[in-house]
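Common to both upcoming complexes is subunit A, partnered first by subunit B, then by subunit C.
Up next, the complex of A and B:
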């Protein structure tokens, strides 16, 4: 949340210029933000002056300061067809001159500064180039039709934002045209290049020469060319570099210079790829690369690693006998201190490879898995949880720009097929859901990816849109999970598209519901599937009927947060034994929805609403029947609300305006309809209805308990630990404002905490009531690290019941393993097995010795 | 127990009984030697042996009652130790409780063996045996009661429902805020 305004601020900077104004104030940085031009001293950050242009209705495109001048020009458009230029004194921010001119054809897109006094733009039809001379007395427009300078017609033009002095680049589909502006203001074509991917800004180097880089894609290689701006025909540098296809196209290129050891001029290029990775190119090689795409994780799911196949392993060992021998020779060298630095590196590499951590097979404890991560760039990564390396990555073809998909976006990733029965010979796969355009009625793109090989198995570009993806609790005979995709017209589409899937769905047809939360309208609607779509020959399409709706009063309540239980959460038992061996039955329903609403006035930033007029209302809703199970009001409180729902409880975080503090509340919901099951004998012989299937239409009687506590931090995300069997006690994982993850025992958020718990309650583990939740510094699971820009926390169960795997993502990604109740089911790593063995051997020896001694003694007794 | 029994019979481990009370010669494999009259010998010792036998059976029944009452002392001691152990579950209390349970059980299993030395035609062992069993059952009951006070007996509903899996729901509903 804190990063949001910061980012906005960053985005609104149009331009910054270094101006050396006064000796004592150093350079001045000009920042344009939210319609206001600020001059900031680079020494102490003092705002020297500011000029507010927000009242002028100008959309400022560029801030220009010609070299050696004290004047600043702010240029931009008013409306779509008026060009304005403001001349401002750089010393004090005074407005010197304001010029304005109309261009009847209108403008399209950005302004580009070609030379110190000439701007280039496109007209509204994108078929003509417009040069604007703004520093003379009058603003002069000059329009040149594209077909006048480029012979053929190539459709619409796009200006590339590269700053090449005296020149600019225009893209027509695949063709890139470099156009020069002559002194007389005429346009001349310099060159046409096909397959060009990106052009850098011009960079000045020795003797006032300027160079720029041009990147082209040729086959599987990229061609980096450095050219002088003023001398087109000579290439400073021409390098071709082999490039991984999974990185996609080059998006941007930046250059800088260095002096080689032979004192000649060298150039480095930093390129940004389609998958958002960064690569530094120097002398025809990739010096380093970074997977920056992982900074924008959208969704995460997991996959188990392959089962270890014994037979294959043996064959591999035989094949690599030589490798094995070589390894041992290396190790011997290492122990005899004969190894050189290269050998040592090789030994370390081998150790890393052979260590348990990075094995590519399933381990006994289930610690090592593959994290399947979908990033904003449309790339899928498989990260190994042992050492965090990228096992494979795939730039999804369905999420790349193409003719039919202009701006595709990835939405989410689901587990599609998780083989248990045929784990040996079938690979698990994931479903990636994407959309062609950002708007929500755009056609959906599905792709299925094998998680072991990282290959796309199948992809579907579909005609229908996708508003929701609902994984159903059924799988078919090949263990593919059934999914319902709800489109914008509220039709449900079934996947996989097989007759078997239809059969399974038909069997459970009347029991499948879905709901939609319309946050803007303040309505929650419940639907039930009815029949096949009418007027379509698609048998996998079903219509649905609205069953219920909950309408929140728009003047007092606005939906600000919802939470549901995780689909794969395992609950061990419904019963909760409390003090005096009494039983409470948790209300455990997969169809529970938590909704928080706040007064519309208080749904914005803090300080917008008074405590009297802001109030937070929370609901627990059964999404099958639409029944409101519980409603509670927090007066004088407001959002943002972060909530997590697990088992029978929900914990949410909000701001209390009266107390000026953050609060966390817990709400636990219990089922009253089973309380009568108290007869022990009936339970012993199994005559009870506790495990029989229940219908939500039976209107179970519920009772809730809740309590609130103060909490010091504001929160970015909340998650809860999850374990394989759901026996281990839970911990809340709170992503704090300091980008750390704090583990807080659920016991602290127990509504049954009281000021003076009885002995029995203490035995049960109830902590005496305090008004605020403790923050124990040792319980930060991120230790001293920060997960920069934390956005989400994902928990996964390990096979070992005590252990939870935690993955936190933001700009950084972080993975750890925690045990909320300590590792009660495994021995610690420093456990001395030798001592245990020794003890056992000693005990057995002692038993034998004493046995022999007692035999002997008995015999002696008999003789006397 | 094994050692105590040995002491009770006067440290005697084994004995060969040469006295022969049978009257008919057919009971033995070997025929009587010539000139040996079984009847005359019986007549000679009859009064002496009867007296001796009476005294022995008296002594045996007395001893049997003593043995039958022995668990009572045990019971008192166990009770005292349980009181000392307290009602919280820890190693000491669990150890005591289990020994209190095991001791009567093993004693009950060996009830025949305990009264073996006092077996006699004339001694009625039923009374002592019943007392012995009753006292040991009392000890067992004490152990079970202790187990219950420790909370280790499944006598509450919570002990039976905790292992039950949660009930399945018939309906299924999914959805949420539409993906933007």
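Up next, the complex of A and C:
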């Protein structure tokens, strides 16, 4: 099920309460959204009644229904210091009573319901607890200073949102204090617990007893304690479970009861960890765990597997010999039907292990790699592409909450070091870039992680901000790639911080250009490095200068999409032979940027703009000089635009308001300055410009071709296949609205398609023009599977030229490998080598037999 | 409706292009075939070449005056500013153009003219420094020509070493959208070879080329009428196989047939020969075969 719309709905739900009103309407769900209280039937979703409270400008915090009553209370704050309570008849939404009172000290945070008539909140300074009694005639506030009930002062307090009847928990840094509300409305401290991580809601089980769970961190273990709410000293359950440190702290705990075999009450707990993984605990063990963190992938990169090392130690050989023997005994057992279920499981496990797929070494075809995945929780996973298992995972220390880094977020992963020359004795590593706060001027946190071991090599942080990361096309002697981090003040910071790196950079200093897109402002700027930062001792810091700018008129154009070529894309040839023995030269530049803008009115949802007032403008921009190479307007069209740029073409998807359909367009750009080279004589004599270096400062002679087609689906992501040498024809990978990945041949998006192509064009492979792109059901890469909540598609080249590896991520993750032009360079997996051998042997035998026979016959003929 | 009529009449009365069309021959207009601005298509770029060795101040002034007599309301001027490396921007020339308002409310610039200020001695020196240091020569334009500088200035730069040729060759491509300038591409009109050599211009005068560009319209998705009627294009194509020759169709039958016929003929010939040699007797086989073989040879 898609979570997208559900999440939106959840945000507007403030609280929901089940009220059993009528037999035929089931329970009532009360939803507070945009100042209006709705009662919704749980059976058919019918809105039973509405109560508009928007005139009161109240922010409803809780909706309370006392047991066995038809009345509900909606309580909340108006402004920061006024408390309001509405008594509403749950059957018809009639307002019965409205009470309001001022609390001059103001409130902080949420309201917490402690018992049926007492609410607790914090005052604005977060040093006093405020109890609110709202069901009596008057609203009574009672303020208790924290230091009055807890001896020491521990700094600011935070109310935990756990619902424990008659009690609540307050957190002071590492200390958790349980406070009980007596019948007289007094506050009493029940217990203080250090190292507590999470508290569950109270769960009622037999005879009105209520229990809750408390999780503490002790050393490398977590301690799960189940307590009765009304009897603090009795522990229902006390279990300690060893926990993987890479899962971080416990964030949340939920409990559930079951009846044990001895008919006593058992409890199990579901815990949510810091890395967003989900674990079920029962009887002091982890029953199952799920890596739900993989549902929020931020960025993906790859790493090659280690090279297979020859020469194994004797001990290992002995061990493997033993294993080998054991394995064969097991297999024998299996074939003789003597194996028990455990043995069968062991055999299967061995089969999986020994299969090529899950090997931890580099394979000949380059199919098996490590996918290094960064998730929202700040955890890095290495996934094996063979069987999808997690090889290692690392909760990045630099992306964890700390005193100086309040809300860290991961940004991206880059390949930091890819050893080719020292592949045997050096491990590759990746660079993880994060920020301390979501704002773009927040300080940066860098981590360098070894991709074979999953250990953090070093980390740096809090030096400067980071608006952009630019991997440079240079590496140093240890094959570390040079990276420039651009901060908010447009200063460039060089990594790695070595003098060798500075030397390399100085050499290429004047050739480093970059651009920045200010989408909100509608400006694209180009920059170049100038000199070392002035007034700073940092020699790895460089100032920049603005070279060019493109300012889109704010009233008519808003940047909605940009696309660039992938840095590692390989183009096999620049020339493209066309039908009539002619050649066209692709304009291939690493500095091509595709930008789509649309009218600000039409950049929102559909239906906001009329076709007349919305138009989509697409640009091809050279990012070194800021030259607009091509600019084109689609009238009556609007976003969202999804685009992919590869080689010399860009394909983009948008909505045509006039035709009420989605469209896809292709734009190809060709270089005209090479056209003179067609003369063979010139080539022979040497009068050609094929070897002269190209400067982008020359005036480009380009020509673009474009064509549009209708496309049935709306699109979530577009990618293009990439192969090792770029020879194989390309396919577009389209993430459809149904969360599937569709492969569409690039030949369908060729601006040279025409209604009836000539014979020569047909031979070249040009498909007759149709108005819409075909969707061939067999070309779904995902087959019958859905990649739930698809957000991105990443393609990687395999070593085998014909094959592309595809990784799609969303809530689910999906990996496959595809061959856009079939596997022309390898035999299929089910190719029968035995048959081939047999044939060869048979042929050799036949040769011998016939040879002997012919000898014999000759001899006989000679005798006669 | 009446107000609309009134407006229409007014527009006829006041619109200079419709009411009065000067038959005076303007030098530049004739040269570039942009007479009266009527032929100026919004899509076609206006190309203006200006040679401003010493800026022809007098001629431009007179031309400008002629315009200001007829339609001063639609004439527009905006400044080109330049900077040498990191220096401040200073005035470098003036663009003059006519703003044409279309019936549907759109506005386009036509008849763009450019008068470049000659370099002062100080600027020459600065430019020479740029040439020596292989640094950037930077220009800027306002982003809105109706209310300069608009939101922000549009900047463009080029390596100074790309410009010198005989004189200083420069090429502007100004991308417009109504009264807004989106971008200006500034550079040399030709190629700028890489490694850039230090070369001082022979003449310190600019040879400017200016192109005004508006957005192109994208090609529409093709709509087929057949598709609207029944959508049987795919079938129609499939039904009509390409015509092939008789030989191409039936060669696989013809070749074996031919072989059989050939075989039959040779056999028939053999049969015909044997009776000619008389009834073969058992003893005479060897003898008879000899001459037959000889005959066949």
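To be clear about the criterion, the second predicted complex is superposed on the first by the 817 of 864 C-alpha atoms of A that agree within 3 Å, B and C clash if a C-alpha of one lies under 4 Å from a C-alpha of the other, contacts with A are read in each partner's own complex, and residues count from 1 in each chain.
One rule holds in what follows: a contact is a pair of C-beta atoms (placed from the backbone, for glycine too) under 8 Å apart; a residue touches a chain by one contact, two chains touch by 3 or more.
These figures come from a predicted structure and were not determined experimentally.
Q: Touching A:695, do we find subunit B (first), subunit C (second), both, or neither?
A: both
Q: Of the partners subunit B and subunit C, which touch A:457 in the superposed model: first, second, both, neither?
A: Touch status of A:457: no partner.
Q: Given the touch rule stated above, what does A:272 touch, subunit B (first), subunit C (second), both, or neither?
A: neither
Q: For A:623, using the defined touch cut-off, is the partner it touches subunit B, subunit C, both, or neither? Pick first, second, both or neither.
A: The answer is first: A:623 touches subunit B but not subunit C.
Q: With the two structures laid over each other on chain A, which partner does A:514 touch: subunit B (first), subunit C (second), both, or neither?
A: first
Q: Is A:737 touching the first partner subunit B, the second partner subunit C, both, or neither of them?
A: A:737 sits against neither subunit B nor subunit C.
Q: Residue overlap on subunit A between the subunit B contact set and the subunit C contact set?
A: Touching subunit B and subunit C on subunit A: residues 692-695, 697.
Q: Under the stated contact criterion, what part of subunit A meets subunit C in this complex?
A: Per the stated touch rule, the residues are 510, 523, 528, 530, 545-554, 556-557, 617-618, 625-628, 630-635, 656, 659, 663, 665, 673, 692-695, 697-699, 706-710, 755, 768-772.
Q: Given the complex with subunit A, which residues does subunit C contribute to the contact?
A: 86, 134, 136, 138, 143-144, 150-159, 162, 171, 173, 175, 177-178, 180-183, 185, 187-196, 213, 215-224, 227, 233, 237
Q: Can you check the complex and tell me which residues of subunit B touch subunit A?
A: Against subunit A, the touching part of subunit B is residues 151, 154-180.
Q: Within the complex, which stretch of subunit A touches subunit B?
A: 411-412, 433, 440, 466-473, 484, 486, 508, 511-519, 526, 562, 564, 567, 571-575, 577, 581-583, 586, 588-591, 593, 623-624, 677-680, 683-684, 688, 690-697
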